[in-house]
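Shared between the two complexes below is chain A, which has chain B as its partner in the first and chain C in the second.
On to the complex of A and B.
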């Protein structure tokens, strides 16, 4: 039992962590928390099943199309739901615009793809068992995402520009960095990461339009725990959440698991609003 | 009390009667339509009407959270679920003894209040997205629990809802029950909206810094509203379970949450009639456009996006034609300082507000370096210095926004707590801001009445049901606000939306708001910035008169002439330290001040 808690918990946790990173990548470039994060995770599974199972495309082509779709929808999100409201004085409008956009996409999926959870194709002939691909694929994807982002942010010029925008967008613009272009690029990047999370996790979570709110919430919990903008915090928080959830599922049942996660989430928000590892920064007057 | 010019008074009274009729008309139409609906004798219409009433009971409460307090509560369907299951499970008699449905409905209200308060907790500390996410997470979890807790909720199979016995049995009896409760919810939320609590909620939404300065204790007020809103949602849920006659988790999709939310946004924030019309339209619309039902959520979402991007003000803004009538050009602000004694009271005790040895760092920058300062009743104390010398920071320390690393602030020897700006109003310390903090969508007089948010005897519950004390408070606060506006010379603009005012008028409006506290001390942060020479001299006379009426004034300014004209004492700051302090004449002659600041 302990093995299945660990393998399943870490795998689900890796998906949560990647959705958390999706939130972070968009947040860093725009100061916007976008409800499209869970939508991307949901779409990764649904589009994967659509391309590979229904259309019969090879796995590699299917993955490529899903990731390209993620980038495209990230760009669309930026243009439709983020750019127009950033100009507005009331900054919080992004909460509603991104939610509305995500709901529209979700409804199109529900109507065109169906409201039933559908199985996701097996990608590699490895398994079954505790070392089944459905468990290590999300973990591998998560590790690759983190490694890729670290390389991007530390070693490349574009990545440093991302960091500069996240640190102080006014100063970055004053230096002549193309803030809008970088924001669009980061939304495309977030689209790819979110879709990858959904694609690799879909064998466990299935291709299901209803995964959107679940991923939205459980993907945000690691961000709240680890501090917004912190990818390492998101990974640590995501894996911890996955393990806790599975352990509670096995040991005391799903109701307790759901309620306990929610109570912890509220307690952390109240006691450490900046996250367990974050630093408080705000100046209002 | 009555010294106001008679022409203004009668003008206001006539406009008031006309306006009152304009406001009452749509409500009368709705009441007649609602009461007369059974005459149609169409049970299909009856079911839709019941649903609209039930939704509105929830939306009415949610409206205070979303439309007034500006908190993005998107998962409110979860409270409907909690209420529905509470009533259904208690009356089913499978888990407990069989409850009377009316009692079970009351229990639903209680349950809704408890959960509403719980979900609201994060909103007390964090803004917007976190609260939105909490409510979304709560909705997700409630559905999961309803599915998994089979022994109580029946899981995916569901559980039957109750039938209410006499006098509100199914059919038109139940309709009148829902309609009556909906009318009650409307009345109660309208009472709150028109009370100091409602104004405080709007202040939290649009100008939370000013709300704190007026002494509004945000956590307490928000929690009260979450409890009330949760109770209404719980009761709506109980009624919903009876209307559905059988409930499963599928009945509480996220679509409903979106519907509730958009009803408020379409209707317009800060309005009650608007969201009510929004609720009716959104409930009836799918019935008319039957082929579109599959796409209804998509359309709601699209509507939400369009509203957010195109008309953030909603219907209420589009209908607000009175505020599109042109204002008089070339308005003049004519303060009447002679009214101050009436506003502030005649007999005032002497007091002293002091800073001693304050030190404050921002990161590596020492913003204030050992500042000591006394302000006394009846004096204007000028605080000048170059940019970045720590003037505004000092003011923010006094008004409790910043906590210094050492030193203390005292009022008559009593230490003032730091990082607690909402406590300052209670000590009689009022302030204005460098950038006026206004509630743009509210009238000028409402903006001023914010200043008296803590100056009322009646409680939230008394306001809810409009007991006499509530009406007395309101009349008294409104009269005082009108007096304050006459004093600063803005009484002609009392009914105008604040965001239509000129910059200079907003500065005077902020002073009127601060005067509502009848402050012992008034802290003014660059009140003359952006004013014309003529306006500055009137402002000077007003400030001088305020101090002579017994209030101690701290005046942070760049206009050296104004400072030297009206100050009794002047302190000059440079790099966070006192460069010089003394009478205006002494400062003018001070060699270092001349080189550092005034120029030769």
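On to the complex of A and C.
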């Protein structure tokens, strides 16, 4: 029982964490909370199954195409659903525009790919067991993502520019940073991370159009728990969510597991609205 | 496949509207040409969209039957014209199509919709326009002789589907400790609510019943709970292939050797594609129909055998669909044609004839209607089959049934 809680919990948690990071990367650069994150996760599984199982491409090529597709969709999201509404950000129109874009993509998937869950190929020729790749692949991808982001944000000039935009976009623009270009780049990056989450988690979650709302929601929880914009918080929140959810499955079971997750989520938000790892932002007067 | 069918559909539509335009232009009063006019059957399959695999299968049978009837001279010298409106698996489209078929096209009868969701939306409208309808959808409420006196069903109800599964578990397999599970959809929860009391009434002990979130990738906790409760058979009610495959895969991984008995999706290609190993499909029994299943000696009943040979002659593909879908599609136009031939085309004539229909021999089932009972399928023709025995679109009867 413990082994099942840990292996499934951490694996699912890693997927949630990566979706949370996808939210964060887009949020940092644009202050837009884009509900295309779950869509990216869903597409990672669906496109992976399409390229590798249906079209018979090698795993590496399939992964490359999926990630490239993620970057492309990220850029399209920025142009179609974010840029036009940024002018009136105060009205939070982006919530509707990104959600509408995500729902349209989901409908296209439902019609073209089908509404039934479909199998996702085994990526590596390693047999099933406790150390099954469906468990460690998402964890590995999550670790690689967080390490890559830390390196990008702390060690590279482009990454520092991202951080500058996230801290204060007016000041960054005043310094001559190309705000729009950086925003497009961050949406492309988020596209890649979201797709990677879906791709590595798909052996467990299957290639299924219905994964979109689930990932949208369970990916949002770690962001809320960990604090908006905090990637380390998202990882901690995601893994905790996965473990808690799986433990609840064993302890209370069925639909009550989901209820338990909601209860804890609401309780945490009431006690610490800024998130477990977040710092309450002080407003400058 | 579906594109090709849509082209044909459009062509038929064009032909139909051209004929209509010609009739208008000629200016003859309608009765003068009525006797040689084609008899219009409104037809509402879902040929595209998420629930279209059933519709595409049924459509092969329907088109074949209409071709055969017309090739043999039609009905009393009149051809049958199928007016096809693809519902695209969308209740809204079905509703719009109903208005067109009943009011503009003046269809004598409507066959369909073929999916319950669309039928739930369309049935009240067809009833309001006082056009007879025949459909194969399972949802119980679709037939109600008071509300919809002209609606008839030539397929089983959900009650019969659940009853057959329960009967197999309790009377044939002689198992008494049952776990009943479903996903959290409306269909799933309604099925558990309906079938658990039926099982208890048959003397079974329901040791576990519950709705499981189908999004949950790991069903082991719930399956351990079922095993802990002492279940010796699992009855899942869901049309979600992913959910069903996870039950079968978890059963395999746990090495738990219990039969799984339930709805037809258990035997679908989508479920099969998600199995971790082929063995996980052993001891899985899904609903099917006595008239289109292989018996112990590997033979189909005579009527179905003759039908399969006819399909082969017409070069109709069965490998990618199910025999019972084609058979069901094939029966409807024949039943309608026979009715019109014997009774006439008015709604009262059709309804009156059907209210006295007894054991009409279809390929899919023997249909009997009475004025009080418009569910025409017989209880004993709903049976369980072995899902891993699929060949040429048909299954073996599950073990335990007399030949």
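One rule holds for everything that comes next: the second predicted complex is superposed on the first by the 278 of 285 C-alpha atoms of A that agree within 3 Å, B and C clash if a C-alpha of one lies under 4 Å from a C-alpha of the other, contacts with A are read in each partner's own complex, and residues count from 1 in each chain.
One rule holds for everything that comes next: a contact is a pair of C-beta atoms (placed from the backbone, for glycine too) under 8 Å apart; a residue touches a chain by one contact, two chains touch by 3 or more.
Source: prediction; values computed, not measured.
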Clash-or-fit label for the pair chain B, chain C on chain A: clash
Partner chain in contact with A:273 - chain B first, chain C second, else both or neither: first
Which superposed partner A:75 touches (first chain B, second chain C, both, neither): neither
Partner chain in contact with A:249 - chain B first, chain C second, else both or neither: second
Touching partner for A:258 - first (chain B), second (chain C), both, neither: both
Which of chain B and chain C A:93 touches, first, second, both or neither: first
Greater chain A contact set [chain C / chain B]: B
Which superposed partner A:214 touches (first chain B, second chain C, both, neither): both
Touching partner for A:117 - first (chain B), second (chain C), both, neither: second
Region of chain B that runs into chain C when the structures are aligned on their shared chain, from 110-118, 146-154, 218-226 or 398-406: 146-154
Overlapping contact positions on chain A, where the chain C interface meets the chain B interface: 111, 214, 253-255, 258
Residues of chain B touching chain A in the complex: 72, 74, 118, 121-122, 124-130, 132-134, 136-141, 144-145, 148-149, 209, 254, 258, 265, 294-295, 297-298, 300-302, 304-305, 308-309, 312, 396, 401-402, 433
Complex contacts: residues of chain A adjacent to chain B: 33, 80-81, 84-85, 88, 90, 92-93, 95-97, 99-101, 103-104, 107-108, 111, 213-214, 216-217, 220-221, 224, 253-255, 258-259, 261-262, 265-266, 269-270, 273, 284-285
Chain C - residues contacting chain A, complex: 48-51, 184, 210-213, 215-218, 220-222, 224-225, 240-242, 245, 270, 273-274, 276
Chain A residues within the chain C interface of the complex: 1, 4, 8, 12, 110-111, 114-119, 128, 204-206, 208, 210-211, 214, 246, 249-250, 253-255, 257-258
